[in-house]
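Questions regarding the structure given below will be posed in turn.
All chains are identified by letter, namely A, B, C and D, in their written order; residue positions are counted from 1 within each chain.
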Amino acid sequence: MTPLSRSQMAWRAAQDIDNGWYVNLGIGLPTLVSDHIPPGREIVFHSENGLLGMGPKPQPHEVDTDLINAGKGLTTLITGGSFFHHADAFLMIRGGHLDLSIMGAFEVSEAGDLANWTTEDPSFPPGVGGAMDLAVGARRVRVLLEHTTKDGKPRIKVKCDYPLTAAHCVSRIYTNLAVIDVTPEGLIVREIVEGLSFDELQQKTGARLTLANDWAPLVPKLASTATH
Amino acid sequence: MIDKQVDSIAAALAGIRDGATILSAGFGAVGAPDELMDGLLEMGVGDLVVVSNNAGSGKRGLAALIDAGRVRKVICSFPRTDDPRAFDAAYKAGRIELELVPQGIISERMRCAAAGLGGFYSPVGVGTKLAHGKEVREIDGKSYVFEKPLRGDVALLRAHRADRWGNLAYRKSARNFNPVMAMAAELTVVQAKELVALGDIDPECVHTPGIFVDRVVVV
Amino acid sequence: MTPLSRSQMAWRAAQDIDNGWYVNLGIGLPTLVSDHIPPGREIVFHSENGLLGMGPKPQPHEVDTDLINAGKGLTTLITGGSFFHHADAFLMIRGGHLDLSIMGAFEVSEAGDLANWTTEDPSFPPGVGGAMDLAVGARRVRVLLEHTTKDGKPRIKVKCDYPLTAAHCVSRIYTNLAVIDVTPEGLIVREIVEGLSFDELQQKTGARLTLANDWAPLVPKLASTATH
Amino acid sequence: MIDKQVDSIAAALAGIRDGATILSAGFGAVGAPDELMDGLLEMGVGDLVVVSNNAGSGKRGLAALIDAGRVRKVICSFPRTDDPRAFDAAYKAGRIELELVPQGIISERMRCAAAGLGGFYSPVGVGTKLAHGKEVREIDGKSYVFEKPLRGDVALLRAHRADRWGNLAYRKSARNFNPVMAMAAELTVVQAKELVALGDIDPECVHTPGIFVDRVVVV
């Protein structure tokens, strides 16, 4: 059994983004998603610091220090994009105008509760950024996370232990082992990496899983060595 | 590829149903989606609630819909503009309901809906007839009335320039209610004077970003 | 005694507008104020339909049907002006960003209550427009009105009989007979037209007046035949 | 004649007092009024409350004010940006207060103040630690927390172009918090890269109308 690489996880999430969607990608792993949009789909990426139509990192000759993304890295604007101020950027987020927000997570509960803003580490002050706004406001919230912590503890749980970002917001979970939907009937497994049984997946998960009748193997079409 | 352009008024209005709440832009005749409103009449929908600053003028647009008995209720700040005979007649006959809202509160209630908020406290109308029945709350020594979000099923707009993503630019005072209504409806439909190539509207000067727009028809 | 003409009333109100003020002029009589700004003062006129820097009526070659004022008449924009949408236009009004709103009135009370939106005439539906927003929001609200009704009844009263637009909002009243300030100590008369005594003015007023120690004759510098 | 230009940073900041609430624009370093913040340090004011998305980076601007012990409290969404050593040290030493507010709620609370409203109901943070102590209200079946307006004594902005009326245009993502903060303070001070003639900024593309601006200094 080979877990998905970070790029493969991003690739998998990218497959589910429809043509024409307005999408916000969280800082870190989710930003890789934009590199894997299937050909022929036109997606408009939103950045909470006031951009629609955010493009890839600039080539050296394109660098403009006034043009950054939410992670404060340099970025570009594609043709058709626009600039606006922060209150409008968050009106878009909070008002349900985004089709999709993809975020990282520390933990997700079986009810779709999301914990991704603080581990309450006392060694530095907490920060929340736009995480709560995105979790509450986007039409769909999907998360990308490693299925377990580094020491093998589940991140998908009956109840989150870390402080919540928002309750009942996540609808789909992409991990390095599986694709899981959060439904009124609980967590439904749609895809599992090859070589891992459902029982083994359940053992790595802190909440009860149900295998979908039409489940499929999770086969990344991207070489696992692909990095970013 | 994203292409929000549709090729007819009928296609632009497809799916609008009886009982819908229509946000109809414009201030008097300026910036008003006349052809789309005429299209509503033609498609035959009725029992409409129309949110608009004024309640129609002359014999077309909103006035024609009112004359045809298609409008159950108007939410506006000032029903009577130039030649308000259609509304006046319906109002006198008791055939139409009027919810009178201060002009800045209509726009703010739509923005509130657009921004995903549950309501706000406004100093406007405190102690007046227009605050009757509304919750009043004192905040830091000042009185406010509670106002709820105002959302539309459909927004009908008029823009000067549009592109295939639905980015819009308006002209002068024809901007008025258009940007706010664009954000506050489930379905946002625009009649534009001109369809321009993507990128022709300066990214620094997009008045309504395409995220708020569903359909564009060139009129 | 000669009461001021409408143009003279507008002229008098214009004298009290300082250089650099942002000013909204109500529909009707107040719109005449912009014709009488003393030379050397640069005033920015606001219109609630989304203009700052509103200019005079267009010359025939300047007519643009997309450029109207709050009264829906054709207007112009002066150099430095800008366009914005209705929610921003009323943010400016309600948020205290206007230095001055000048409005017409049916009645004003001694407490500065304003009634100017409806006479409850059952023969047509009521309209409020932006009157309540302006009355509550502008930093200063001043009104222009005939001192009495056509049949000689006072319009300045202990309490308004018509439905209120807003309470405690008016700070200065310009009539065709006098200039009166609304203060915590009541109505203070600053100026009276020549040939009218304070007692005569008091008789035409429905609330108690006090004559300011430094009161002055109200002498229009504009010929009374000036019309608009 | 209206002329909001002043000829020095000191003149731009004149009158700002100890204890003031400062709205400091920018998202990270982009669109941040560095020279004005440096000027605050130089003029010696202290006991400041600073509203800013981040809590300073490196050794200048807000970070320098914090290092010098001039900042009593920071209201922000994300204190730690690139090189947050000044804030981290002050926070660990208990020398500074932190009010953490979701990014969209900081901007909305400032807009609320700018718009003369008494507060609003927000869906953000419901059921989380950041809603502790806040009123919760159910409206149409959904829970909201009550948020109050956030007003500054002073807003410090950075613009690309300004004219003598104080009309402003920003560049790209340097717009960020600038237009909202411009509207939400008693005194709004702008450092602009360039002063242009009145009328050079297209009336259709003025990002911040001069009505919100008090002083402009070219830096």
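Convention: contacts are C-beta pairs under 8 Å (C-beta built on N, C-alpha and C of every residue); 3 or more make two chains touch, one makes a residue touch a chain.
Note that the structure is a prediction, hence the values are computed from the model and not measured.
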| item | value |
| --- | --- |
| Of B-C and C-D, whichever chain pair has more C-beta contact pairs | B-C |
| Separation of mean Cα positions, chain D and chain A [Å, integer] | 30 |
| Averaged-CA centre spacing for the pair chain B and chain A, given as whole angstrom | 35 |
| Junction residues of chain C, two or more chains touched | 77, 83-84, 90, 94, 136-137 |
| Of all residues in chain B, the ones touching two or more other chains | 108, 111, 115-117, 122-123, 170-172, 203-204, 207 |
| Contacting chain pairs - touch in the sense defined above | A-B, A-D, B-C, B-D, C-D |
| Residues of chain D defined as touching chain A within the complex | 27-31, 55, 77-82, 87-88, 91, 98, 100-105, 107-108, 110-111, 122-130, 170-180, 207 |
| Contacting residues of chain C [partner chain D, same complex] | 19-20, 22, 40, 42, 44, 46, 52-53, 77, 79-84, 90-92, 94-98, 136-137 |
| Chain A residues within the chain D interface of the complex | 47-51, 64-69, 72, 77, 83-87, 89-90, 93-94, 124-133, 136-137, 163-167 |
| Contact footprint of chain A on chain B as seen in their complex | 1-2, 111, 113-117, 163-165, 167, 183, 198-199, 201, 203-204, 206, 209-212 |
| Chain B to chain D touching residues, read off their complex | 108, 112, 115-123, 137, 139-140, 142, 144, 148, 169-172, 202-205, 207 |
